[in-house]
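Order of writing sets the chain letters: A, B, C and D. Residues in each chain are counted from 1.
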Amino acid sequence: MDFSIPPRVEPIVRRVRAFVDEALIPLEPRFLNGSFRSLLPVLAELRAQVKAAGLWAPHLPQAYGGLGLSLTEFAHVSEELGRSPLGHYVFNCQAPDVGNMELLMHYGTEAQKRTYLEPLARGEIRSCFAMTEPEYPGSNPVLMGTTAVKDGDDYVLNGHKWFATGADGAHFAIVMAVTNPEAEDRHRRASQIIVPCDTPGFTLVRNISIMGEPGSDHASHGEIRLENCRVPQENRLGAEGEGFRLAQIRLGPGRIHHCMRWIGICERAFDLMCTRAASRKMSSSAWLADQQAVQHWIAESRAAIDGARLLVLHAAWKMEQEGAYAARVEISTIKFVVANVLQQVLDRAIQVHGALGMTDDTPLAYWYRHERAGRIYDGPDEVHKWVVARHVLGKYRDAGAA
Amino acid sequence: MDFSIPPRVEPIVRRVRAFVDEALIPLEPRFLNGSFRSLLPVLAELRAQVKAAGLWAPHLPQAYGGLGLSLTEFAHVSEELGRSPLGHYVFNCQAPDVGNMELLMHYGTEAQKRTYLEPLARGEIRSCFAMTEPEYPGSNPVLMGTTAVKDGDDYVLNGHKWFATGADGAHFAIVMAVTNPEAEDRHRRASQIIVPCDTPGFTLVRNISIMGEPGSDHASHGEIRLENCRVPQENRLGAEGEGFRLAQIRLGPGRIHHCMRWIGICERAFDLMCTRAASRKMSSSAWLADQQAVQHWIAESRAAIDGARLLVLHAAWKMEQEGAYAARVEISTIKFVVANVLQQVLDRAIQVHGALGMTDDTPLAYWYRHERAGRIYDGPDEVHKWVVARHVLGKYRDAGAA
Amino acid sequence: MDFSIPPRVEPIVRRVRAFVDEALIPLEPRFLNGSFRSLLPVLAELRAQVKAAGLWAPHLPQAYGGLGLSLTEFAHVSEELGRSPLGHYVFNCQAPDVGNMELLMHYGTEAQKRTYLEPLARGEIRSCFAMTEPEYPGSNPVLMGTTAVKDGDDYVLNGHKWFATGADGAHFAIVMAVTNPEAEDRHRRASQIIVPCDTPGFTLVRNISIMGEPGSDHASHGEIRLENCRVPQENRLGAEGEGFRLAQIRLGPGRIHHCMRWIGICERAFDLMCTRAASRKMSSSAWLADQQAVQHWIAESRAAIDGARLLVLHAAWKMEQEGAYAARVEISTIKFVVANVLQQVLDRAIQVHGALGMTDDTPLAYWYRHERAGRIYDGPDEVHKWVVARHVLGKYRDAGAA
Amino acid sequence: MDFSIPPRVEPIVRRVRAFVDEALIPLEPRFLNGSFRSLLPVLAELRAQVKAAGLWAPHLPQAYGGLGLSLTEFAHVSEELGRSPLGHYVFNCQAPDVGNMELLMHYGTEAQKRTYLEPLARGEIRSCFAMTEPEYPGSNPVLMGTTAVKDGDDYVLNGHKWFATGADGAHFAIVMAVTNPEAEDRHRRASQIIVPCDTPGFTLVRNISIMGEPGSDHASHGEIRLENCRVPQENRLGAEGEGFRLAQIRLGPGRIHHCMRWIGICERAFDLMCTRAASRKMSSSAWLADQQAVQHWIAESRAAIDGARLLVLHAAWKMEQEGAYAARVEISTIKFVVANVLQQVLDRAIQVHGALGMTDDTPLAYWYRHERAGRIYDGPDEVHKWVVARHVLGKYRDAGAA
């Protein structure tokens, strides 16, 4: 039993933290009050600095220009990046690209790697992932309306997707579509297919207005129509009917990545809350920090964040030791635990800021509205609680109890 | 003891409800995805319809063109209006104008009434209320930096205000300013002064970006600078040094008004939640409504809203029977209770909607982000809990216990 | 809309309150540290005083020696009685006798009334109600193992019951037993049968040890075996197969009665909490009442109790206006709301008392352990939430939504 | 970073678990329905078996007959012991003796060790710790009424203590008393003094009735009067005025010990909850485990217990690495976190058991009532939250923020 931070990661964490503090946090007011697209030039510059500093793509193997960190090592870095809404993007480990890179790395053909993975890894292009459909519950992945029908050497795709993060400006999409509707196993009916976004029939209908803003470029979530959209069959990722399996493989570490990032948001919100409490006077002699209610929020938040971080590190550690399948219950656990801790910490931080907390003068309001989705995407709380309970109860039912 | 709705209000409630359903709810998509300002022409038309229907300004005496409802009677109407974010505006009982009308009605001179109240009552102009300052905690009203110094027959105002709702496009502001800095009683140092918004030195610095949107016109919250802003002393509302007393008088019913409106939002969110639960299929045979978690949210929300409504009606009834001062503890109670019920009901309604709940395709996300302020403005939860506890404990301390 | 206490009840409430304060609360230390049975002589004396004072059996019609209060009127009295664990017993309106009296009054034959109701109403005997069975979930009343088979003019009962409150020392039990196992409607298979406790074959197996104490006499919950227990068929209450209907009829007002009593416990706990907070010094200059956490508990408890009381009064009012069936959703609502408010208020009151709160030197610990059952008996929270949700969602499903 | 259980502990844990399952859990019905005192003979036998098995006193150095486990190693064992209310006693690591042993080991004179520590370590005698006083808040340890005045070679003690766990049957008490009332530093006024329980003037007034039971022997909490109680000065533990420092030293690991034990209770309650859910039928085809509410309680409990355990292990690890002072914030964190997780898990387990959960047929009700004290003793939640917040905010205040 050893809770210490791995020594080789410590200096990386320190440098990443400094970069976030010095280069990203000062940029936040522009991010919070302008469009992401208008920031692209300055973000490109920052990305170049990150590369030059040897901190690029910490999650990627060195062969792809990354730092080659393990999952638990990356956890510490990801937390630092999460402290700013710009962190992961500037270090090129933002969702959904990070998941798409993993898929391509493990299941892509050499040609797919060359065409899609390499420029992604270099940060030259972006991608999106088109799975969720407005007509079907995301919590039941066997319900899916999008189809890909073989025609000659091609697939012809038709369907309706939404919540494709970063579709606006993406170079290509990985699209989940039913390729084998007749398969007996309902989990083997769909495949993942790479669709370049300029393919005729691929339409970004809109950037969905979410919590008051449609956003732009990477900071957006697209609604997509696929109408007789034709791509070569060689664009299929992995084997036919493997779509769900790949999605599961993608989602396991993906959820850990979200949780790591959320811990970083928690820490930043906690820091803002404490700074405000210790600097805001309520009267000539009393500070906000003197209020017991504020002290309790701080103590409860500190405890909740620390407990959440340990659960995340433990899940990542178990996944490293025994694989994603063995760690699936731990992953479901952190998914709902951390998403809820995050929401509560943000809520308290806003309350401590009073009216200021409602404004876009701090990043709290941004996270408050956008990270509400953390309890919904990649499986809502209710699905993950069911995963945990089913696993636990399974042992009792097997034992002949029921 | 009689819990029935007053018979003379019932038909009004029914008609208001129909108007909201038929005329306002269909307009919401434009409100949620466009600017308030762009809606002004259609809103003006709707206001004319409301007048023509004899439903205008339900809270105002008939002498001012209103329906002359009592507070408890208005509660039922306000709840119906609250079901849409456009309701109160279209019926001309929106904050902060409703509070400003009350102040002018009870404390305005005849000239002030003619110049400011009458066009407000007719809906020809709008107004704002400038009290909160970024540099001082709103929870401690004796801390205030804005001053109004007498100079000849005028006041010269200097100061910095923010969260002046609807300042953008307002005809005048009622400004709290220190007029008597030397007064021994710290609660008698400020006065309320009417400042036309085109007065030189009165600057709307910005519509504050709140939860992602600066908003416009009535749907905005302004930051204001007052620099040597000169108005005649006859623009003072009430006596010198009465600013806090008037603010208190304004806030009492003002808080009840917010609570009534929040009940309406709760009901709409509840309705959306149930509609979604009963219409969304999770599989070929199961509806969202079949999930026990959803059923529990519905039952708990139903109970919480019903309890909150009774508390609001009781507070309004007590205020009618015994006055605002006698009802101040009841008012503080509902302020924090209803604001929290509202936040929880909205949160559950969003969760039931899944990804859709995050979008601006329903009004839930709008309320989720903007009504978070309900736990902050007009006194944060913590202040109101203190008011209740101080009152309760006072009786025990007086009893010699402490 | 009128929230005032009915004038004819006010003086009764005042007198009851004084009696509880002067005669019952001083007796609590003996109740909390001794056995109920040892108190029987002094309780008999107090009951005589209550009769002499003209306050006996406030819920019963005057024809049966009671005060003839309506349900909403009784609510105010019941709250006062609930302030002491001895209140309802001393005024002869304790569960389960109060429910048995109602059943006998409305469904008893003249002979049954003479034999069982009249001495109950006079407080000369006690009774119990034997429905729940250890082998079957109380939440599903159609599952029942106890049978009553006709044999000549008799019923012969066999079965196993528990949680028969006050079985120890009771004169008779009303027993739910399956009389018509072949009935198609599963809700029409059982009947209620009066079984004198000295009938051969009726055995009180034990007073169940509950939260550390088996208790005695009225303050106990019995486990009962019925083995070839023979009673005349004329002991059946109501028609054959009507058992569930009668149980429902009994439970409706029964739940309101519990809620009224719980409000009284809440008020007493609240009073103890405030008294302690205002009298306990934390240092030479600071009282427990100065702690913001304590103030928040007090404010939140005050709000929760007031909201709960209004919901209870409203449910009682609706039941009076429209009958128990029309008010069933309101009754389910208060059942889970008030039980939870009670638990939370008791928990906070204990925390404010510190170590003292754990002791039997106050009644808090007694209620903390015994009223935990309030979320279980007469339908657990989960059943009542389901009742509310089913009713609400029914309207949406019927509307064609699902 | 390594989350695995230390290999040398694994076999010990396995054997302890088996012993608890086979020897202690079957004894619980007698413990829950009888007196602790009546169990002493059988417990003595079990203690002999534990010694014979080489599992005695796992926390003690081998020199004192123990297993010599480190704190993190003991954590795993303590959790197993915590699964039964009898575990720690039978393995001779029960509070308050475990803390007294630690004090004597580190601060006792050779004579004190021989006279008091050695028989304690062998389990031949028991001891108690008398610090808390009814007249003063335990949360403010500088308020203390008990005095020890020097008289010749003796101390003469006078005072009033309560909540001295296991005073009934204890051989000696360690008493906190003011020895240096004139010391400027209020934390250096008291000393700890060993007082044999048969010393004239030492009176066990009563076993306090707690949550319905006064208990007996080790399972009791005593109220004590010291009246001119005379002991030699050599009975002082540590230096004069060191009482608070020793109490702090005692309490640090003491709190970790409680938390470890609570995790064990959580696991047992969780196991009972799952067993019940998987074995209780709600209808002919549905189990309690099929209810989503139950599944959510199970998932949330699993997550909360796992997070709590990691926090406890981390605090113990930090204490091992850097000492108790460095880990004091972590210790305060787990104190309030685990006590609350425990209360919630017990509450849910009871709800899943329905009426059975209220009875003493399972240990749930015992823990529900007695472990409520976990949020009070050794510092109430509020004190520990304050410790955490003060530490966190200190860094912000020092930074010049306030």
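Definition applied: contacts are C-beta pairs under 8 Å (C-beta built on N, C-alpha and C of every residue); 3 or more make two chains touch, one makes a residue touch a chain.
Just so we're clear, the structure is a prediction, and the values are computed from it rather than from any experiment.
Q: Which chains, if any, touch chain A and chain B both?
A: C, D
Q: Count the C-beta pairs in contact for A-D and for B-D, then report the pair with the higher count.
A: By the number of C-beta pairs in contact, the winner is A-D.
Q: Go ahead and note the Å separation of the Cα centroids belonging to chain B and chain D.
A: Using C-alpha averages as centres, the distance is 52 Å.
Q: Indicate the whole-number Å distance between the mean C-alpha point of chain C and the mean C-alpha point of chain D.
A: Centres of chain C and chain D (C-alpha means) sit 37 Å apart.
Q: Quick check: how many Å separate the C-alpha centres of chain A and chain D?
A: Computed from C-alpha means, the inter-chain centre distance equals 43 Å.
Q: Would you pick out the residues of chain C that each touch at least 2 other chains?
A: Chain C, residues with two or more chain partners: 291-293, 296, 382.
Q: For this assembly, give the contact graph shape among line, ring, star, complete and other.
A: complete
Q: What does chain B use to touch chain D in their complex?
A: 291-293, 296
Q: Could you pull out which chain B residues touch chain A in their complex?
A: 32-33, 132, 134, 137-140, 143, 162-163, 208-213, 280-283, 288, 291, 293, 347, 350-351, 354-361, 365-366, 368-369, 372-373, 375-377, 380-382
Q: Across the complex, what residues on chain C touch chain B?
A: Interface residues on chain C, with respect to chain B: 1-6, 72, 274-275, 277-279, 287, 289, 292, 294-296, 298-300, 302-303, 306-308, 310-311, 313-314, 317-318, 333, 336-337, 382, 384-390, 392-393, 395-397, 399, 401-402.
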